[in-house]
């Protein structure tokens, strides 16, 4: 029997994600209506339009570039969380590992004036190291990775603030701008910026992140390594039973997951787009938004590319909302709502299957009675 | 689930209808004015009780009075790229005067101004040094001599008999540092004159709002004998007033005469305020452009706003309140203040504006305590 | 008495997606009788009892108590009707005390819901006195033996003054002595006027304790018989639907050289501080099946874990084909020719979220035939290989190699494991309770596979809790008690009773490896 | 010294309340990572009450109404977690994380909307409560006693009694340890878990308003609660899910937090010149180290984090 189109895993994930997005936007719209019904529709459309609110195509291209620049690190964080999740681990520490990557690449760039590749490598290493700590604690001390991840997030945050204070502008809480102080650490652009109306922030970071997503998909689905990691994730005891180094696999998984998050930081900070604020008092939201992107992307690396972009898109869109009526936090609200709704994805899939079950049952009954009728 | 959805849908439709009905109300104004003003915020929001808020209030008041279109834009994050995005957005929406408070706009101006020759860029607190190499053909910047205001406040506090002072800065941005270093110099000057033993504790809270941590820190100061704290950084003063209220301590306000707000809740707490004429100068600038058509006299300049008169105290861009906002006493009278202003104006007293090194002092003991957070 | 039935379940039908668990089943429990419910795994016994206990609601059919129709929507309803149940997997909170577990759900409370444990304790003590169910009410459940836990479960029912008691496979985890005690307790209970439903697939127990027996097969009611008017053979035929040969045919063993040599190994326990296995030594030769018998929890699991490498040894040596593997990794042991059919197929044997084909290569995926030099899996080879195994070992599933292991039946899951382990062509096959929870057909099949291995000159180490299996399959029996080997027997020259004495620790002999 | 004690006590009170909230939720089987968001919402409830109540209300009435509003909004907000995780079996980690982001965003949006509605020029997310705050404070010499210190103490005692001495506690913990067992004796697991989460909302809300009142008289809701929810989570784990131990570990963590701000008051600490960041980091480092040594025999409720599905028993 041919499988119903709507029974396909991919289709269901996509549908569930779309429902989450639409519902999230819809509730956001309601909130806008309640605050001020006058501009609610314009505002919600602004959030959705983001850079399309610019009238000139050249500006649109430029700000598409900006949105992409910020999507790359988000995609990396989402990949980080997804990779761990596929192996049965919830790396809520991605935020901290991202933070560690920030610390490493900025320190290397601004203090030691390393070239970009060195900074990138150090960021990856820093993320991996903290990921590995979570893995070590998990496999040898049985510490739940969510708890240790949360603790490490704060430890890393405070540590980063402390270290990066050494490369802070004397008269602001921000680190030196990379573009001015350490241009050697900027990621190569390869002329990509010209596509986006000479956007200087568009670098190889964007293709690099997409390549990583594809690589992650291949590793998980096609390789022996992925086979081992997933086995460990699904059933740690069975992995041990069949001779896999299950402790090593857990550590490795979290290290890779951390490396991805750390790399994400490098892909943002080494474009010179932002500076780190040495008084940051909460863990970077990038890692948490990564959770949303992962689940919105249906736990699929390719889906994650789109969901990361989408979340960044509406977050950026929030900045353009008319401030006289609404505040820019409205887009935080909407993306938080979407994350919340992502919690219902499993239920949505279940509900879809139930509807399909009923529908097929009805069809079968109808068919059966028709056949019966035919026989009589 | 279904039910909730239906209810929401009905609500939405109802609201939409209401929106439709009300949105037709505002009619187009008579003639479209020549200018529209947009403000782009720096770190923090237009409610930071500091430069963003003052700039916003000034622009808004002026535009409303003159029937001009005004709006403010808040970048998504604190980066040049995002500031430029908002500036371009404002320009895209037809605004042709962009007001930007904060030294951090230097790079954004360098990027954005040359590409939008027909737009007027008014920067506040962006110094000549920051704008080195910039195309200034459509840019005007104003920098304030906060160090003078700080100096006067410090001088006044010591002269008023306080010997244990504190300085609580917000984030160590140039303006905040200038206030602080000026405060130290002023206290030093007064201490030298009085031959008094004066101590200053000097710290930055590293944020523009108060919370339990900052309050706790302030509590230790007041508990150890600090008499008055110069709370210089947006909403951070709320922690200083909170702590001061417990032990009858005093505070010094910043930017505007803060006695008006602070004393409402805590009578007699404000010793004085170190003020700068951000509001007035912003209005004046807008007036010069819009009414006087005098952009040509401003453009390309970085105005250093400080004292303009040795006698007309209220005409100056920096100073302390001459009315009830300062707790005058026999040891420091309005006349003393006037003399001080004159001395500074005449160059008899020189106040260093250097923010890169701690000011030299001779009579006070300053303890630099870095950042609270 | 005009109504002799305590409970009547009439024409019960319960469907789950895809299957009919109970198809028009009826069961009538007389007052004061022990009524056995017999059937293979998956015959629908537990579903029927869950319906009675209110855990499930039947689509069709009615339940009567004392001749009056009742509706049981949840365990509270069942409890109100005086129906209690001892579940196969105990429903006890491990970090609570025995007393807390007993009173949970019907706690005596004073003002503000404050617990009043004193009167509860008195009542529990009185009941335990009356029925000879001695427990320590203040002990934590996690610290007491399985037998004690079962008594706690029974006390839970009695504390609630239930009249109808359901026992779901109560003997699976007990020693022969404990089983005997349980039977006595059940007889006492009936004497006091309780009615008992006793679910089991162990014929001997049913013959020994029950008055009547209802047999289910594949969700259908086969019949109800008086136990004293039937025989084990008849019952088993009713249960399976055909005549079953209880005894496995096998030729004499042809012993070869020693394959596995275990000398003086000690393995720590995960549960308590003592060692679970204490200086155990034995050998297994080519062409023989050696069975480790004993009551659950006497160190068999840890012994196997020590041999297969899942747990490190505290001391001692293990040799496989003459090579020391005491500290070898699991992978090394596998490669050197050890296969292991694990005790818990869901925990160790399978990755339930993997497809069948991925499960079949769990221990061989790294070989060049399945993985390229670059580290990519050779999907085509894996598909071919798994199709071959599926064919050869008759593993049935809905979508062939691509089926999720989770969606397969227990028997076919076990067959897949057996296929994987035997196809590795091992020198030593360690099989731990390979037939647990399987139906008779699958049991027969797996027994034949074990014997085929032996006849093929392989060494087989079998660990079993089922006395039938212990008596039938091996060539040599080693009895384990409290981590030590306390007896060695030739199955042809011993009896279940004799084994039982050793298994319960009543007797022991010196056993030389 | 007095200041250290005062701030230790007030920070500890926040931590105790929030950690107890987490404790109840987890004992019922639901991991509550959304405490941070619940605190913000509870704080919002209390702050709004203080904004709208007449400031000359008698202290007792003021305290009661503020508490009730904080409790109400906290509990209401926590029901978002309950409905998703209990009824719809959503992943508790995702939902908890979402609640944290949502809490700050929603509170900011709400306060800004209220402020702007009252005064079109006011787009701040700040609520001021200088005079109402005084109701919560009693000065004993130079020690500033905050009623929340007493409330936290009472909360510990009540939590202890409820968990270990009442029918409710027994049933609640059974649902977190072995929900199937609880179900089999007729306890409604869904209902108990709802209670657990709602109680965490109550305590979280109380903790939130307590945090807001700890040191200032106005709060800018954009700033959230600066990681106190997570710190409370650490306290709960450090306290091994037991009320008395939670109280003790909250005192320890509160002392570190207080030290990071008032170390200036101690000559020897000042001479050590340790950045306050280090003091802030310490609680997390200590918890991590302790976790590393104790997690082999974790006291965490066994069934926490696993959605209970009645049809799969």
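First chain written, first letter: the chains are A, B, C and D, and each begins at residue 1.
The criterion applied here is as follows: a contact is a pair of C-beta atoms (placed from the backbone, for glycine too) under 8 Å apart; a residue touches a chain by one contact, two chains touch by 3 or more.
Values in this document were obtained by computation on a predicted structure and should not be read as measured data.
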Using the stated contact rule, I'd like to know whether A-D or B-D comes out ahead in C-beta pair count. A-D
What is the distance, in whole Å, between the centres of chain B and chain C, each centre taken as the mean of its C-alpha atoms? 77
List the centre-to-centre spacing of chain A and chain D in whole Å, with centres computed as mean CA coordinates. 28
Centre-of-Cα separation between chain B and chain A, whole angstrom: 38
Chain B residues counted as touching two or more neighbouring chains: 373
Could you say which residues in chain C touch two or more other chains, in rising order? none
Multi-chain contacts in chain A: which residues touch at least two other chains? 34, 281, 323
All pairs of touching chains, each written as two labels joined by a dash: A-B, A-C, A-D, B-D, C-D
The answer for chain A against chain C in the complex is residues 222-225, 227-228, 230-231, 234-235, 237-244, 357
Which positions of chain D touch chain A when the two form their complex? 31, 33, 80, 84-85, 88-91, 93-95, 97-102, 104-106, 108-109, 112-113, 123, 125, 222-224, 226-227, 230-231, 233-234, 237, 275, 277-278, 280-281, 284-285, 287-288, 291-293, 295-296, 298, 300
Give every residue of chain A touching chain B within the complex, in rising order. 26-27, 29-30, 33-34, 37-41, 53-56, 59, 62-63, 66, 69, 170-174, 177, 201, 273-275, 277-279, 281, 315-316, 318-320, 322-324, 328
Contact footprint of chain A on chain B as seen in their complex: 8, 11-12, 15-16, 18-19, 22-23, 71-82, 85-86, 88-89, 92, 103-104, 107, 171-174, 177, 206-207, 355-356, 371, 373
List the residues on chain D that touch chain C in their complex, please. 161, 165-168, 170-171, 173-174, 177-178, 180-187, 302, 313
